[in-house]
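Structure record follows, encoded as C-alpha cells.
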Amino acid sequence: MSDRVLGVVMNGVTGRMGYRQHLVRSVLAINEEGGVALSDGERVRLRPVLVGRDLGRLARIAEPHGITGYTTDLDAALADPDNTIYFDSQVTSARVAAALKAIAAGKHVYAEKPTAETVADATRLAEAAEAAGVKNGVVQDKLFLPGLRKLKRLIDGGFFGQILSVRGEFGYWVFEGDWQPAQRPSWNYRAEDGGGIVLDMFPHWAYVLENLFGPVQSVYAHVTTHIPERWDERGQRYKATADDAAYAVFELAGGTVAQINSSWTVRVNRDELVEFQVDGTQGSAVAGLRNCRVQHRGSTPKPVWDPDVPATARFREQWQEVPDNADFGNAFKVQWEMFVRHVLEDAPFPHTFAAGARGVHLAELGLRSHAEARRVPVGNP
Amino acid sequence: MSDRVLGVVMNGVTGRMGYRQHLVRSVLAINEEGGVALSDGERVRLRPVLVGRDLGRLARIAEPHGITGYTTDLDAALADPDNTIYFDSQVTSARVAAALKAIAAGKHVYAEKPTAETVADATRLAEAAEAAGVKNGVVQDKLFLPGLRKLKRLIDGGFFGQILSVRGEFGYWVFEGDWQPAQRPSWNYRAEDGGGIVLDMFPHWAYVLENLFGPVQSVYAHVTTHIPERWDERGQRYKATADDAAYAVFELAGGTVAQINSSWTVRVNRDELVEFQVDGTQGSAVAGLRNCRVQHRGSTPKPVWDPDVPATARFREQWQEVPDNADFGNAFKVQWEMFVRHVLEDAPFPHTFAAGARGVHLAELGLRSHAEARRVPVGNP
Amino acid sequence: MSDRVLGVVMNGVTGRMGYRQHLVRSVLAINEEGGVALSDGERVRLRPVLVGRDLGRLARIAEPHGITGYTTDLDAALADPDNTIYFDSQVTSARVAAALKAIAAGKHVYAEKPTAETVADATRLAEAAEAAGVKNGVVQDKLFLPGLRKLKRLIDGGFFGQILSVRGEFGYWVFEGDWQPAQRPSWNYRAEDGGGIVLDMFPHWAYVLENLFGPVQSVYAHVTTHIPERWDERGQRYKATADDAAYAVFELAGGTVAQINSSWTVRVNRDELVEFQVDGTQGSAVAGLRNCRVQHRGSTPKPVWDPDVPATARFREQWQEVPDNADFGNAFKVQWEMFVRHVLEDAPFPHTFAAGARGVHLAELGLRSHAEARRVPVGNP
Amino acid sequence: MSDRVLGVVMNGVTGRMGYRQHLVRSVLAINEEGGVALSDGERVRLRPVLVGRDLGRLARIAEPHGITGYTTDLDAALADPDNTIYFDSQVTSARVAAALKAIAAGKHVYAEKPTAETVADATRLAEAAEAAGVKNGVVQDKLFLPGLRKLKRLIDGGFFGQILSVRGEFGYWVFEGDWQPAQRPSWNYRAEDGGGIVLDMFPHWAYVLENLFGPVQSVYAHVTTHIPERWDERGQRYKATADDAAYAVFELAGGTVAQINSSWTVRVNRDELVEFQVDGTQGSAVAGLRNCRVQHRGSTPKPVWDPDVPATARFREQWQEVPDNADFGNAFKVQWEMFVRHVLEDAPFPHTFAAGARGVHLAELGLRSHAEARRVPVGNP
C-alpha cells in the first residue's frame, strides 16, 4: 500500500455516468488495487473530493464509500493545494466556466466529452490550459474497450501492411415512441436542444480515426432525418428536427479512406452495435467494442463471381477471432491511470483538450459538408 | 409443341458468356421447354442463327446442338426476313456499329451491357432504335437472380413501409498477381483500356437502384486506386491506372439514401459477394444474389448501449430467411423470355437502350463527382 | 421518497394468491420502488390494512413485513376516511356482500375474479358501483403477462393487417387422482360446487378476446365431461358432474373467428399451457403467457401438398421470437398500478366490474349453447 | 411370375394424378412386383386398358410402358369379358354416367373421389352398384399414408384406452395471387365453380373419422371466407365466393369429440400440413401424414399453472416418435391391392361408394350447420 496520495476534485459525480464509471469503477477501484503504478514501481492513491450543489446528495454518495471530502464550495476545493487534479463530469453547459477556474488555480484538468458546446469554446479551453501549462485531458473511453484495443494492437504489430480503407457501421433502431417507448431521450432528436447523430457520434469518430489510423484530412457527409416525427417520454408526438442518420466518407493522411455510416434508423445485421472493418495489403480485421476478427493475406480466399453457381463459400467462417491475451480492465479506469501518469511523470497522453476540440470541429464540418454538397477539408479548429 | 418459330441472329456467342448463358441456358433451354409462353397460351420457339468471324469455330459450337444456321456474313443474316431479333454479345467496341446495322434492317435488338463505350454512343444507339421504332433491350441479369427478386417481391408486397435507406457492399480481394495469380484480367486495372470499378459496377447500381427503389437524383463518389501496382497475365509488373474502389452515396427520388461501396481491395465479411441492406419504417431486409433475410418491425430488438455489459444479443440470429416460394429459373433466360414477349405482344420491358445509357451516364457522373469534390445531380444523359 | 400515502383495505389476503401476488408482489413491491408513479411525476405509496377472520393469522402475515394495520373488523376499516381503496380476494361466495358494503362506504373497489357466482349478482355489483360513482376493477392478470403484452403490442403496431382468426388451445392433463394425486381440487369437477372448465376459463377468454380482438358477438360451445369418475383429496372415488372440456367457436365484431379449446383432459403438445395463434392478412403470431413468435407475410412459405414428397420443410423454424424490449414486471403489480392511477387521476381502466360481469355471462351462454345445440348471440348481460 | 391376369379398364389416366399415382405407381408397380398376392399365395397381374378421348395422347402414355391396350371406345372396352374391373379418374362431372355403364356391364368399379358432384348422384351410384351386386370402391388415399397408418396401428393395439377427443388442424397460407402467384387454382375459391374448403376437405374428414374413430353423429361448422378478393391465374382480380376456412366440431359414436379446423388462410405452426392430436385415457398421439408421436399415461407430466414461474418445461420434447417398423408403400398402390383382393376373394373393403356418398353428405351438412347456426345430426345420406 502506497503512502503517496493525490487529491482529486470531482465535480458532477452525482450523475449516473460520473458516479458509476468515474468514481466507483475508476478512482475507487484504483485505490482498491493499491493505486496507480508509476514507471518506477511506486503506487499513487487518489483522494476524491466530491463537489456538487446538493450537500445531502453528496453525503449519500460519499459516505457508503468512506469518502470524507465533499463540499458545495468549488472555490474552496480548488484553493486546497493538496488537490492536484480537477475532474469535470457536469452537464456540458457548466463545464467551461468551472474548468477555466481550475486552470486558473493551477490544477491539471480532466473532463468528460464534449469539453464544450461549441468549437470556439472548446478551443478557448484548450488554449487556456496550454497557456497555463497544466496537463489536460478528455475522456475517450471507446479507445480503451477490448475490441478497439485489440485492433490497435494489430496495427502496432504491423498486421495490416499498408492500411487501405476503414468501413464503419454504427447504429440500431431507435423506436419511434408510439407503439413501443423509445430507448433514447427525445432531446436527441431535436436540433434546438442540441440533438442530432452527427454532434453525438462524429466526436467519437474523430478520436477513433486519429488515434488508430491518422489525422482526418477531409470529410463528406450526407446527413438526413429519416423519421420526421416521433413520440416523447410523455407519449406526445413531436417533430424530429435533428438528423438521425449520416453517411460519411473521411480521407485520412496517407490516403486511407474511412467510410462510416451512423444511424438510429437501421436494424442491426452485425455482431456488435458498432463495427469497423479495416482492410490492408497484408490482412483485414473487423472490430467491435468487445471482439475483433481477422483474415490474413495468407488465408484470403479467391472468390469468383459465377452466376451459375450458388455461393456456397461460408465467407464469415474464413475469419478468425483475435484472443484477448490480456485483461483489458475497465475502459474508464485505464484512461484515468494514463492521465495520472501523464500528470506525475509526463507519460504520453494524446487525449488532450485540443483533441476534444477537434472532435466538435469534425461534427461541425460534417454538417457543413452536407449543407454545401461538397467534400470539406479538415484543418485545425 | 408450338409451330411458331422466331429467327434470332446471335452475334458474338463464341465468347464464354454469350455461348453458355445466352445460347445454351437461354435460347436452347427455352426451346427444350416448348418455347416462350405468350399470354394467350401460345408458345414460340427460337431459331438461332449464329454470326461470327471464324466459320470453323461457329460450326464447332452449332453442330453439337443441331443448329444449322451459322455464318460469317452478318449482312446476309440481317437481310433474311425470317430473322426478327438481333442479339449482340460481341466485345463492346464492336457493338454499336453492328447494332446500328440491325436497326437499319428493321430488326428488334437485344444486347449485352454496356451498350457502348461512351454515354454519347449509348445515347445515339438508344435514339436510333427509338427513331426506327424497333424494340430494344440491354441485359440486366442481376435483377433476375433469386436474391434481388425476393427483395423486389418484398417491396411490391409493402413489407418495408417507407424505405429509408439502402446499404450496398460489393467486392472481394482481387489478388495483385505476384504471389498468387489475379482472378480478374489486367485491363480492368488500366484506365487506358477502359478499366476501373466505377465503369464496371455503377451501370449495375444504376439499374438495380432505379428498378427497385426509384430514380437516382444525385451521386457523390469517393474514388481511389488503393493498389497502385499489379502483375499481369504474363507475370509482368504494371501500373494500375484505373480505380479499384469507390465509396458512393446516391440520393433517390423520395429521399431514400443509397450508400454503396464497390471494391476489389476488400476481404469478404459478408454472406455473399454483394449484399444490400434495406431499412424501412416497417421492416428491413438484407439481400444478396441468392438469399434474402428479413427483420420486421414487430420482431425488432431494442438494443441499449451499456459499456458495463458485454453484447450478448445475437443480432444476426434475429433475422429470418425469406423462402423462395417459386422456381426462379436462370436469370438470363427469364430476361430473354421477357424480351421475346416484349417483341411479340408489347409486354412491359423497362430494360431498354435508354436504361443502358443511364448506366454508363451514372458511371461518368460518379467519376466527375470525385474529380470535382462535390455531390453531382443526375439528370437524363 | 413520496410523502403521499393511500390507505388500502385488503380483505382475504390470507389465501395463497392474495398474500403472495397481491400483498407481497404488488402492494409491498410498489412501496419498495417508491410508490406508484403518477403522470406528473409524483409517487404515491400504499398503506395496507389487512382484514380477515383470524387475528393471529393476520398478525403472522403482517408483522414480518412491518404492517401495523390489521383487523377482523371490516366495518371499522371501511369507516376510516384514510382508507381509499377496498380490495377483495375472499372466496367468491363472500365477495358480493363485502364489496357492496365498501361501495356503500364510498370506497373504490378492486376485486379478484369472478366478481360473483352468477351473472345476476355480478351485474348487480357493477350497477351498484356505477350508481355510487366509485371506481371499480376486476383482476385480469393474464393480459399483463409478457406473452399477451407482446401480442397486444403487435396488434397496436399494425403487424397483422386485418386479423382473420384466433386459435386458442388451453389445457393439460389433470390426473384422475387414483394412481397419481390430482393437481387440481376436486370441487373443480363437481357442478354442484361451482366447478367446471367453462365457468373457470370462459371469463378469461372473455377479457382476452375483447381486450385484444374486439367484442364477442356469438358463441358456440361443445361441452363435455370426458372423465366421469375421479378420486378426491382423500382418495375417495367421486362422480365428476362438471364439464372438463369445451370446444368453442366465438365470432367477434368485424368477422374475426376465435376457435378455442379448453380441456383438463389433453396432453400438452405445445410450448406453453395456453397458446393463441393469430392469423392476419399481413402476418401471424403464436403467443403463450411468456413468449410470442411471429411469421410475417414477407417470410411466409408456400407449401404444396404432394403425396410423393416427404414434408421436409421445418415449418416451426420459419417463425421468429419477438424480443421483450422491456421489463414487463409482475402482471398483478402492473394492474394494481393501473388501478391506483385510475382512482387518483382517472387514467383509463377497462377492467371494470361490468367487464367482470361479461366474463361470467359468456360462461353461462357457452353452457346454454351446448344445451340448446345452437350458436348463441352475445349481448350485454 | 403369375399367369393369372386381370383386365382393368382405366378411364381418365391422361390427367396427372391418374397417370402418375394410379397407372404408374399403382397398377404398373404391382405388376413389377409380380402381381397382387392373394391369401392363398397366388399372384394376380393387372392388364390395363386405357380409355380416353384422344388416341394420340393415349398412345404417348401407353407405348413407353409397353401397354398395347388403349382405345377411345369405352363401350367396346366394357364389352370385353376379359376386363373385370373398371377404374374412373375422369373429371367428376363425367364420372357417374361412365360408372353406371360399367355397372350395367357387370364390371367391378373403383373410382377417384368424389364419386359424384351431389349427394343424390353419389347415393344413386352406390345403390346401382349394390343392386347389380358388383364390388365398388372409392379412393381414400390419406388413410394409407404412414402417419395415419401408425395412428391406426396404435388404436388397434389399444394404446389410447378410451379415446376422448381428436383435434385436427389442416391448412396453410394460400397466397392471394397479387404479389406472389397462388399455389391453388382459382376455381377453388369460386362457389359457382364447385370451390370451397368444406366441399374439398370434409369428405376426407368423413373417411378419416369413421375409419379411425367411429361413425360421425353430429356436426357443427363455422364456415367463412376470410379473404374475399383474390387474383387468378392471369393476374385478374376476382371475388372469392367460396369458403376458405371452416371451424368444425364433430360428435362421434361413443362420445368422442373431434374438433377440426380447415383453412387456406392459416400460417403453419405445426410439423406437417395436417395434424391430428388424439387424447385417450391411457395415452395421446399426434399424427401427420408421415409421422406420429406419442405420450403415454405413464410418462405424462403434471404441469401446474404458476404465474411466478416461467414455463421452462419443454413440453414438445416429452413426446416420443413412433417408429415405422414397416415399409408402408405407396398409399394408392396399397388401396389398389386391397380392392383387387376384395374383388377376387371378397376381402374386407370398407371404402365403398356408400362411404364415398357419406363424405359428400358430411360436406353438405357442414354447410347447412353454418347456415342454420346449429348442430346438425348426421344420418345416412
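Letters A, B, C and D mark the chains in the order given here, with residues in each chain numbered from 1 onward.
In this section, a residue touches a chain if its C-beta (ideal position, glycine included) is under 8 Å from a C-beta of that chain, and two chains touch if they have at least 3 such contacts.
Model, not experiment: these values are computed from the prediction.
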>> On C-alpha atoms alone, could you tell me the rotation angle mapping chain A onto chain D? Nearest 5 degrees is fine.
In response: 180
> Most remote chain relative to chain C, going by C-alpha centroids?
Replying inline: B
>> With touch defined as above, tell me whether chain A and chain C contact each other through largely the same residue numbers, more than half shared, or through different ones.
In response: different
>> Could you work out how far the Cα centre of chain A sits from that of chain D, in whole Å?
In response: 69
> Quick one: chain A and chain C, Cα centre-to-centre, how many Å?
Replying inline: 49
> Measuring from the mean C-alpha position of chain A to the mean C-alpha position of chain B, what distance in angstrom results?
Replying inline: 43
> Residue numbers in chain A touching 2 or more other chains?
Replying inline: 175, 180
> Which of the chains touch, listed as pairs?
Replying inline: A-B, A-C, B-C, B-D, C-D
> Hey, which residues of chain D end up touching chain C in the complex?
Replying inline: 20-21, 25, 141, 145, 164-165, 167, 169, 172-173, 175, 180, 183, 218, 220, 222, 224, 226-227, 245, 247, 249, 251, 255, 257, 259, 261, 263, 265-273, 277, 279, 281, 283-284, 286, 288-290, 293, 295, 300-305, 307-308, 310-311, 315-316, 318-319, 331-332, 373-375
> Where on chain A does chain C make contact in their complex?
Replying inline: 175, 179-181, 234
> In their complex, what parts of chain C are in touch with chain A?
Replying inline: 39, 153, 156-157, 325-326
> In the complex of these two chains, what residues of chain C are touching chain B?
Replying inline: 153-154, 157, 159, 283, 285, 294, 296-302, 318, 320-323, 325-326
